[in-house]
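To start, the structure itself, in structure tokens.
The chains carry the letters A, B and C, assigned in the order they are written, with residues numbered from 1 in each.
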Amino acid sequence: MSEVLIIAALLLTAFMATAVVLTRDPARQAIVLSGYGIVLAVLFVVLQAPDVAMSQTGVGTVVVPLIVMLAIHAIRRHHTREPDEGDES
Amino acid sequence: MSHLPYLIPGWILLVGIYGIVTSRNLVHAVVCLSVAQSATYVLLLTVGYQKKATAPVFSDIKPTRNVVDPLVQAMTLTDIVVGATVTALLLALTVQVAKRRGTVDPDELRSLEP
Amino acid sequence: MTGRVRLLVLAVGGIGLAVLFALAAFRLPGFGGTVHPYGQRTLPNALAHHTPNVISSINFDQRALDTLGEELILMASALATVLVLRTVRAEQEESAGEHAYGAAQVFDALRITGYLLLPITLMTGVYIVAHGYLSPGGGFQGGVVLGSAIHLVYLAGDYPALARIRPIPMFETGEALAAGAFVVLALWFAGQVKAMNAVVGLEVGCAFVLALAKFFEQALLVRKDS
């Protein structure tokens, strides 16, 4: 039973990793990355690693996607301001 | 047959590298790098797994019980948290690139001079 | 380098890596086997030192010096993030209170959920840090929970409140003190798992709060001088 569970979790992890890479729009990618974080956490629980799963849940589903979203937002602000405000320095 | 699970982290690593090479956006490249990095977590934990063993926490089980390898788990645990701050640093650099150069497409960032 | 040449180089390197990885993987001990030489050596030591959570025992007792290196990487990257994203002279920071992003219109359900979850999440973080030597958990995991918990206030739509409860200098001081305390503990008092869990929890929490704070500033507040 646990064998089947592990194989399924491993295949799901490989699938989600591929999905993250093939999502080309970074804003959508942040959401898929969050899903990948959850799937990794499930895999770690199945592999009997609750400590690792805990830190993966916090980091992989909350912190990193949030930072990615904020970075995209910051970059967009600079993109939209570029044409109408001339260059500084 | 019993070695096939080890091929999954290899696939994740290759997919991550493919994403970095073909990326048209530095944010996308950084996320792909974090995917490639996650291959190490999967590899370490699959190497440490043991059939019919339980998690290495002895607060409610007998000390003679079989447990999975705790060393690889400790390494993975710190790696995940430290890796997240390194990803944050890379994204901070990306934000600075966007500010200085007005683009995050690596193909448009050929020279180092603005 | 054109796109086609790049893909060709990638294909050559990728196939080489795949072959070597597969060759290496098939010479490892079988999946789920009983050969774990390093792990088995750590178990008696953890039990002898009365730390039921073997992973905490490895991180903060048996391999504390290794964790010290990881801690310093964590501090260095958090410091570098703060440094790279500082507000430079050509930019100005809008004050958080009067900005359009503050006190945004969000659904009441989201606002209430955010405020309700905040104390529960903080408590969970403290619990995970405090019981790290006994049950799954510890400074790293609890620190992540603590560091992300206060951002529930932002989820509730109140960025000015988040900026008020998160004075940057205090968290910078906390980060520095925790890192210093960890160096002292790791070098002279290795094995104090509970104290080291607490210090690491503080340091990781402060590092994430600082990095996220700088990203929030960049995303919401900083604009170029016109």
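Assume a contact is a pair of C-beta atoms (placed from the backbone, for glycine too) under 8 Å apart; a residue touches a chain by one contact, two chains touch by 3 or more.
Predicted model only: the values in this text are computed from it and were never measured.
**Q** Taking contacts as defined above, which has more of them, A-C or B-C?
**A** Per the contact counts, B-C leads.
**Q** Tell me which chain's centre, taken as the mean of its C-alpha atoms, is farthest from subunit B.
**A** C
**Q** Mind checking the centre-to-centre distance between subunit B and subunit C? Centres are C-alpha means, answer in whole Å.
**A** For subunit B versus subunit C, the centre distance works out to 14 Å.
**Q** So the centre of each chain is just the mean of its C-alpha atoms; given that, what is the distance between subunit A and subunit C in Å?
**A** Distance between chain centres: 15 Å.
**Q** Any chance you could list the residues of subunit B touching two or more other chains?
**A** Those would be 5, 18, 46, 48-49, 51, 55, 57, 67-68, 73, 77, 80-81, 84, 88, 91-92, 95.
**Q** Send over the residues of subunit A in touch with two or more other chains.
**A** Residues 3, 50-51, 55, 59, 63, 67, 71, 74, 78.
**Q** Two-or-more-chain contact residues of subunit C, please, as numbers and ranges.
**A** Those would be 32, 53, 55, 136, 138, 140-141, 144, 208, 211, 215, 218.
**Q** Subunit B touches which residues of subunit C in the complex?
**A** Touching subunit B: residues 6-7, 10, 14, 17-18, 21-22, 25-26, 28, 30-34, 36, 38-39, 42-43, 46-47, 52-55, 58-59, 63, 67, 70, 73-74, 77-78, 80-81, 84-85, 134-136, 138, 140-141, 143-144, 204, 207-208, 211, 214-215, 218 of subunit C.
**Q** Quick one: which bits of subunit B touch subunit C in the complex? Just the residue numbers, please.
**A** Listed in rising order, the residues are 2-7, 10, 13-14, 17-18, 21-22, 46-51, 55-59, 63, 66-74, 77-82, 84-86, 88-89, 91-93, 95-96.
**Q** Residues of subunit B touching subunit A in their complex?
**A** Per the touch definition, subunit B meets subunit A at residues 5, 8, 11-12, 15-16, 18-19, 24-25, 27-28, 30-32, 34-35, 38-39, 41-42, 45-46, 48-49, 51, 53-55, 57, 67-68, 73, 76-77, 80-81, 83-84, 87-88, 91-92, 94-95, 98-99, 102, 104.
**Q** Quick check on the complex: what are the subunit C residues that touch subunit A?
**A** These residues of subunit C touch subunit A: 32, 53, 55-56, 90, 128, 136-138, 140-141, 144-145, 147-148, 151, 208, 211-212, 215-216, 218-220, 222-226.
**Q** Could you please specify the touching residues of subunit A with respect to subunit B in the complex?
**A** Of all residues in subunit A, those touching subunit B are 2-3, 6-7, 10-11, 13-14, 17-18, 20-22, 24, 26, 29-30, 33, 36, 40, 43-44, 47-52, 55-56, 59-60, 63-64, 67-68, 71-72, 74-75, 78-79, 82.
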